[in-house]
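Letters A, B, C, D, E and F name the chains as they come in the text, with residue numbers starting at 1 for each one.
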Amino acid sequence: MTVAICPGSFDPPTNGHVDVIQRAARHFERVVVSVSVNPAKTPMLTPEERVALLSEVLGHMDNVQVEAYEGLLVDLARERGAGVIVKGLRALSDVEREIQMAQMNAGLYEGVDTFFVTTDPRWSFVSSSGVKEVAAYGGDVSALVPDPVNRLLETRYKGGSR
Amino acid sequence: MTVAICPGSFDPPTNGHVDVIQRAARHFERVVVSVSVNPAKTPMLTPEERVALLSEVLGHMDNVQVEAYEGLLVDLARERGAGVIVKGLRALSDVEREIQMAQMNAGLYEGVDTFFVTTDPRWSFVSSSGVKEVAAYGGDVSALVPDPVNRLLETRYKGGSR
Amino acid sequence: MTVAICPGSFDPPTNGHVDVIQRAARHFERVVVSVSVNPAKTPMLTPEERVALLSEVLGHMDNVQVEAYEGLLVDLARERGAGVIVKGLRALSDVEREIQMAQMNAGLYEGVDTFFVTTDPRWSFVSSSGVKEVAAYGGDVSALVPDPVNRLLETRYKGGSR
Amino acid sequence: MTVAICPGSFDPPTNGHVDVIQRAARHFERVVVSVSVNPAKTPMLTPEERVALLSEVLGHMDNVQVEAYEGLLVDLARERGAGVIVKGLRALSDVEREIQMAQMNAGLYEGVDTFFVTTDPRWSFVSSSGVKEVAAYGGDVSALVPDPVNRLLETRYKGGSR
Amino acid sequence: MTVAICPGSFDPPTNGHVDVIQRAARHFERVVVSVSVNPAKTPMLTPEERVALLSEVLGHMDNVQVEAYEGLLVDLARERGAGVIVKGLRALSDVEREIQMAQMNAGLYEGVDTFFVTTDPRWSFVSSSGVKEVAAYGGDVSALVPDPVNRLLETRYKGGSR
Amino acid sequence: MTVAICPGSFDPPTNGHVDVIQRAARHFERVVVSVSVNPAKTPMLTPEERVALLSEVLGHMDNVQVEAYEGLLVDLARERGAGVIVKGLRALSDVEREIQMAQMNAGLYEGVDTFFVTTDPRWSFVSSSGVKEVAAYGGDVSALVPDPVNRLLETRYKGGSR
């Protein structure tokens, strides 16, 4: 049985993230969605909020589980018996950094390979930081993120009275 | 009448920025130069200083106006009746991010298209951050920025007594 | 009045090409679609076929005209009084070459600027060569090209009996 | 059971190709190595030679089969019940084209996803065309290709008497 | 006599850095390794620690000297009579920024050229920030950095009691 | 003494090529300009014509010699005692291929390193193929190539007196 990890900040989760996870879940027996906890950054959402949102959005997929993780990705892979890391392939400037991380991870844990998957072209321009920027100024991001994420962003940025 | 917006941080304006604005003003009836105000960043120059510098440098072009703006670029486009956003095309790693923003903006406001224009090769390596770094150590940037910008940088970094 | 040229091989025209031309026609008074004739290449379609297809597809736009052209693009720009060349922005590896051509053209004719416009993300992966390759093996390209192009490809590659 | 296709020209197979196929075979139940037959190109090796070389090199892997194929990759995927295409991730300029092909294939056959995997850094600079160029001038490529490929190249380019 | 400068943050030095410096020392009479001091950043190691580590690692090379420097790189080049800056060529997204800096430096000091050299493919994925991230979580980076650097990282992140 | 090789097709030589060679000649004791002879291609100029043009243009530099070469670049490096290959750094899509070649060459001959140097931004968009295309249609390339090259192109493509 091949276990795949889909790691990310998911701050917040976007339709692009969900697309990547769905593609992984189509082809691998089990998928662990790992919400990275990075004490050095100040995210918009707490790890708990991000896990809750992803669990709600992905709840219908039986072979997908969501968890927060602080530490080295390869250590999580070892613990979960995961042989594969799946990431979305988006901006070229990201690709370079992603390849470097993939090869560093392969050096740290020989049992793991990183697979990059392209998303639907509709999501190729969607990033968490872009979504946050637009939402912060009251822009409509309902076409870019899952419904629960959209509702949370509206509450946060527009106030409950709107 | 086609109105074009030239958005940017312009912290400080460079010869590359001026080149892009001139090309936009050549081909569109009206050009709005929009100095983006981002409360999350700590710029070297205040929005007012940047507007003043650009107004001085671009004053001879009748169809160009300069203003500071805080908010979504597409909202400014709607307010000003602008159908076009014009940006310079420089580093490839920027291009990717720019394309993502362009497509996100097109999704937010169907009436707007982003056009990228190449600058004179002489300015292809000039960036505001590079200019700031060089000027901060007393380097000569007079060939890279308009005169009023150069004078302000000299005053700021070298002291009035020089 | 600003005249824009949309140059290309259009062998065959795709939905991505049409998207670029429509965006140019939205913002410039007149658009000249220039089908490049390159004696050194052996295209699938004759220049006449490509002009005919584009004329049929673009016929509803009053400010667009289609013509074949052999020669330097900047010479066509001079003849037509065009100050702008509009091209689609797609693959990054293309961008580099396109920027080089844009700057070479600007050096040859100072009056002309090249603007790059992003297409709808749906067409970001569509290229004439990809369409040809798929169609040659009987693949369905009806979602990627205008109807008249699809009909011609079917006739050419699948036999007249369909 | 997830079947993966590893497509390529393999003209000739390199250590980089073998690395990609091994990684695919680690994580997917069955791997079909598909030697693409393109009548428009004149390869160095016939499809039969390439299939024979790959079969010899990969013979020890029970879940890998090698075959020649002429046609659309997505048609082969449908025929073999393959839900995944696995490709190596190498040059950035290739990546762009690969992403375009991946998204075109996803449009042609919704059931298929393309995964890109990074190879060992040692092979990141090895390409079939580079190998051919070096071997043609008598250069030593034994560190870059599997043994059977090296022997065939030596016979072909250096004469049987060496 | 040609003097070359190898500038960098070296926070910490990696095997990739050492590789670049060795290649420079092979081809130029004297090499100045310049540890950049940037008051705006908070590095992991003090400039003194970085100079000490590099001096220990590079001590066997007679034509290499290490020093800390705060200021414009071109001013250091002028002071040391250096006509060449040597940098490693790694990620493409870095390349763009590096080219911009190279051309800005060439504009500031006509006597200086920047040469980029490729490292051994084994180090192509190694970056100081990646090393820091892995080491901070107790990952093993002994294959990626010189021994003295590894010992210091172990002391710093693991504590003497482990 | 460090000998550097500047390899290329030089079909025809451009101002960008001359710029790269001049920078190499500034920093290395001897420079061998190697005109690559590739029987598989049909160049515009014979190897003899290219050597003659480069010799005329570079004649004033005492430490530069020009020669035609057919074979592996690393074999030429060995024969000439060259430890360095110097190439211009231009389009990003080229960079990738250049890095692959550099690392393949380093694998074939451990004694050789490839250094990439950026040219003056004015030449960043100039390529031999672009020059040929423009000259073939009678365009003016006198600002892009050395005088002897310009004269030869005019004779070849324009000549009323032919």
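We take it that a residue touches a chain if its C-beta (ideal position, glycine included) is under 8 Å from a C-beta of that chain, and two chains touch if they have at least 3 such contacts.
Everything quoted here is computed from the prediction, not taken from an experiment.
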Pair of chains joined by more contacts [C-beta pairs], A-E or A-D: A-D
Equivalent interface to C-D, taken from A-C, E-F or D-F so that over half of the residue contact pairs match: D-F
Magnitude of the superposing rotation for chain E and chain F (Cα, nearest 5°): 180
Length of the line joining the C-alpha centres of chain B and chain D, rounded to whole Å: 47
Centre-of-Cα separation between chain E and chain B, whole angstrom: 33
Chain centre separation (chain B, chain F; CA means) in Å: 38
For chain B, residues that touch 2 or more chains besides their own: 92-93, 96, 99, 102-103, 121, 124-125
Every chain pair in contact, whichever chains are involved: A-B, A-C, A-D, A-E, B-C, B-E, B-F, C-D, C-F, D-E, D-F, E-F
Residues of chain F defined as touching chain C within the complex: 91-94, 124-127, 130, 134, 137-140, 143-144
Touching residues on chain C, where the partner in the complex is chain F: 71-72, 74-75, 92-93, 96-97, 99-104, 107-108
Complex contact set, residues of chain E against chain F: 2, 23, 26-28, 83-84, 86, 89, 92, 95-96, 99, 102-103, 106, 113-118, 120-121
Residue ranges of chain B in contact with chain F within the complex: 92, 121-122, 124-125
